[in-house]
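A, B and C are the chain letters, set down in written order, and residue numbers restart from 1 in every chain.
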Amino acid sequence: MSFPQNTLRFHWFLPRILLASTLILLSCSLKRRDNQSFIYCSEGSPSSFNPQIFTDGTSNNASSHTIFERLVAFKYGSVEIIPSLAESFDISEDRLTYTFHLRKDVPFHANDRFTPTRLFNSKDVLFSINRMLNKDHPYHKVSGGSYEYFVAMGMNKAIRSLKAPDLHTVVMTLSSPDASFLANLAMPFMSIHSQEYAEALLKNKEQERIDQYPIGTGPFVFKNYSKDSVIRYKVNLDYWGEKPSLKRMAFSITTDASVRFQKLKTMECHFINSPSPADLEAIKREPHLKLEEGFGLNVGYLAMNTEKKPFNNPKVRRAISLALNKKSYIKAIYLDQAIPAKNPLPPTIWSYHDELKELEYNPQKAKALLKEAGLPQGFSAELWTLPVSRPYNPNGKKMGEMMQADLRKVGIDIKLVSYEWPTYLKKTSQGEHQMVQLGWSGDNGDPSNFLNVLLSCDGVTSGSNSARWCHPQFDQLLKDALLTSDIKERTRLYKRAQEIFREELPWVPLAHSKVFRAMNKKVHGYKMDPLGGDIFRTISLKKDSTQ
Amino acid sequence: MTFKIFILQFSKNKGALIGFLIVAIACVLALLSPIIAPHPPHEIFENAFRLPPFFSEGAHDHFFLGTDDVGRDTLSRLLYGARVSLFVGFLVVTLSASVGIFLGLLAGYFGGRVDWFIMRIVDMLMAFPSILLAIVAVSIMGPGLINTIFAVAIVACPQFIRIVRASVQSEVKKEYVLAARSFGATHLRLMLKEILPNCMAPLIVQISLGFSDGILNAAALGFLGLGAQPPTPEWGTMLADARAFIVSDPWLVTLPGLCILAIVLGFNLLGDGLRDALDPKLQRH
Amino acid sequence: MKDFFVARLKDLLPTLFGISLISFFIIRMIPGDPVLLLLGERGADPVVYQEMKKELGLDKPMASQYVPYLGNALRGDFGKSIISKREVSEEFWDRFPATLELGLAALFFAAVIGIPLGIISAIKKGSFLDFFFMTTSLVGYSMPIFWWGLILIMIFSVGFGLTPVSGRIDIFYEVPTITGFYLIDTLINPTLLKEEGLAPFFSAIDHLILPALAMGTIPLAVLARMTRSSMLEVLDEDYMRTATAKGLPPFRVIMIHGFRNALIPIITVMGLLFGSIVTGAILTETIFSWPGIGKWLVASINARDYPVIQGGVLFIASLIVFINLSIDFLSKIINPRLRSDDL
């Protein structure tokens, strides 16, 4: 049977309505956002909101630079140390006693379950430091009881006594002079928590909350966090310092670098962390975006677990070093936005050993070394690839594939493995890996911040030394370098340490990258932090006149 | 139906011919990939990172479809990828069809308790959407191509079981079966020699569709990072890998996606054509 | 008809039993000791180890673990996530409405476009339009949606700036859960309405369009083809001829007499499609960062969060069993002549 053609009028009706309503909807909701709400597209989930516990930059940005403050601080945009929660401080002649005079006008944040009844005082300082220092402290074991950074920086040994003569004075006595002590105090892990909050939680047996619902004194107040998606803050209206011009801030967690750029482009965020090198050109072309560039105080490396065979043999480690073609990684992974690394320290830090020559790519020599080490047939091993994109390694998985191809040429058969970031860090700090890609962005500008954290014997215990390499002579050099404040002498010692590193090669240092931040032109007042953090306290959003 | 009529019916169907053509070409390319691929799929060319394909500016004669972010030839990887995908499809179909035919025959032929029991297994498997079941498999066995194949094959079984069971049920009461049975044929003989050949039409269709489902599911797992692991040149994995370059070098994402679409479409067209040609009354969608 | 329902319900129990067994074995079939795997080789403090083992329910012999496991599951206790330390069921219900909202939007989109296309194709069978629609729908049916989603983002979000790249609503709108559907919650929350007006509602729609489009593509294709074939069957029936012969307006004939009778298979297919939404959700949510169960499961796999995988799998599988059952019932109610074997 057939139907007359005029019946078919109806079927254009529905699509038309649909099309029209879609267009109306789309045009209705064009983003109209005020200039006091700031969105930062961050690269990953924080592993905790307590800076005492973690060591990674992502978590720092989410808590140390927003919620918390320390006795002293780095001046915004530099590594100069300025007073913060301590109004002033005196250092004794023998450089063993530090006396801090605390501010008297600093309130703590409030949240829905806690409202502070008093201002910040010395009890808070004692609580914060004792939690890490004192194994019997009621909060020591909360959230795992591991204070990796505190231990790796030697703070547990450096602080001999800690006293508060009155509510506004704190006196610290050191066991030996330490040239980097003040810089250490300015670092995230020395953040000051509220003792009153801790006590209230203890009463309700909810100690864990202190690290999940943080209370600090900083310019931003933690509001809420949905896992893997968003962290919300509001501005601290009672902030003692210069108040931010923003009203609220959100971190939109976006792990994929290209998606971050897409969101920046569609104005779903104002600011993005580490854009993919592949997108830099496109960012420069966008009229409403700007790009800032700086030298990273960082190093990307491949650590070999020296506690496991065959990596306990320096010859094997050297062979791996020679077999990896760093220059090709710099081209493919960093898109030339990095320089090859030869030392564990980046060239922008003092005491960098520039006279040491680069280890050139040489697979033949690598094979010969493997033969000498009794492994002429090569061997097979696991290599863990960095699960997040970082300036020091924008694409760990890809680099892993390239390493796999390089190592296959010298007979080493690599299996690539990876875990989610917090798991990755945890497993690495427990030494479960054979070879692992990691990196470090300096956070106080002192060489000890690289060498002591990443390569000291204390670092093996605390877990931050992922090569698990404890070399007595090297370790002694690091210790000696902290006893003096004579820069020349310290430089000599650190250079000697870098020579030992070169002979032993517990890691293959890979690259020092440039760092980039891309943002909407509305963003004003941002300064690149030489220590790699993203600090938004002085940021403002303005209509851009150049647009 | 004779073979001649089948060919006639089939070739009248334009879609089916196109599908057949796509599948045939893919098979040839996959088989010959070591010969026709210009480079080995894992070979890394230094200084040839992310070159564009031939039609764009800055293309290199050496790399017809350009190179990926670490300097591997895209064309070669796609060709080898056809191999991986067809291999996956083939194994998935072989595994799931053999299990499906076996259980479907038992269920349809014996009926009763056997049928009930097998159908409960089917219900159970149907409760796990393919990706979910694969997630279970991967969380136990770890990601990898072989595990992917197993997971996808398990998911594909219920379809085969149901189809075979349904046609066996309609055949088993027919006179030729009753006749054979009265001559004292064994169960095994009845099932394999008498009934199964008469159930072939829907089975052939399902095999073709099984290929397309299998390839698509395996690629999806690859995309989620749960399937084939890099540097295996699996299309889904390649696509996931290239996501970071979607703005700067869109072809790195576009090409593997198009390949998946083409081959899946090919098998679907083929399956549709086969269904129409073998039995016009069988219509699934 | 009563017998039919009873029989189906009887079949349900063994299926659920099987599903619970599968999820039970997930954590127990991991090669090696899952507790060690979670704690790490070094962190195996004996006290913590025992606690963890107990928490995972692995402290007794295998045979005596199943009953408590099932008991807990029936009481809605699926253990705690290792990463977030929250109840698995709590996390599930947090995310499930997001998936359901996306799934329903996708099905709605598929039905609103797919069914008319199918009807048109059926009426104009053999025409160019029919050929075009059917070829397009087959392409849609073959679409790798993880790729399709990316392409849609590139065109509509990055290219034209029409829709957001990812997420469920503008980041600054906090929508307290009432129904869990943002499209409803943004309209019934008085404080939100007073402060922000309809903006959150439109923002939610904005965020929903692309993922629903991507996720609805395959169901759309299936529905278009299904509608076409079942319409073709109906159009050939005698009562259609009679209706036309009676001089009824053709539009009425098609819609009232034709489409209504073609509806049964279409509803069945829609029900089946609903089950396949979970598959679509896992891929779509990953691409669009949609905070539903799909994204949650994939993240848990990557984090080796076994209690979540176990609980999530059990939840979803049981849900699908019940959906399949409801479809069976519904089809039976619509068309009582249906035998159970036809389903």
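Just so it is clear, a contact is a pair of C-beta atoms (placed from the backbone, for glycine too) under 8 Å apart; a residue touches a chain by one contact, two chains touch by 3 or more.
Keep in mind the model is a prediction, meaning the values are calculated, not measured.
Chain centres here are means of the Cα atoms, and by that rule the chain farthest away from subunit C is A. Pairs B-C and A-B differ in how many C-beta pairs touch across them, and the larger number is found at B-C. Distance from the subunit A centre to the subunit C centre is 38 Å, each centre being the mean of its Cα atoms. Centre-to-centre, using mean CA coordinates, subunit B is 23 Å away from subunit C.
Taking the mean of the C-alpha atoms as each chain's centre, subunit A and subunit B sit 45 Å apart. Residue positions of subunit C touching 2 or more other chains, listed in rising order: 158, 302, 304.
Across the assembly, subunit B contributes 243, 246-247 as residues in contact with two or more other chains. Each of the following residues of subunit A touches two or more other chains: 259, 262.
On the subunit B side of its complex with subunit A, the touching residues are 42, 44, 46-47, 49-50, 69-71, 229-231, 241, 243-249. On subunit C, the positions that touch subunit B within their shared complex are 11, 14-15, 18-19, 22-23, 26, 29-30, 135, 138-139, 141-144, 146-148, 150-151, 154, 158, 222, 225-226, 229, 269, 275-276, 278-279, 282-283, 286, 297-298, 301-302, 304, 306, 309, 313, 316-318, 320-321, 324, 341. Within the complex, the subunit A residues that touch subunit C are 1, 3-4, 6-11, 14-15, 18, 22, 25-26, 28-29, 31-33, 37, 39, 208, 224, 226-230, 232, 248, 250, 252, 254, 259, 262-263, 265-266, 268, 419-420, 422-423, 426-427, 430-432. Across the interface of their complex, subunit C is touched by residues 15, 116, 119-121, 123-124, 126-132, 135-136, 138-140, 166, 169, 212, 216, 219-220, 223-226, 236, 239-240, 243, 246-247, 250, 253-254, 256-257, 260-261, 264-265, 268-269, 272, 283, 285 of subunit B.
Chain contact summary for the complex, subunit A toward subunit B: residues 256-259, 261-262, 276, 278-279, 281-282, 325, 328, 331-333, 335, 389, 395, 397-398, 401-402, 404-405, 416.
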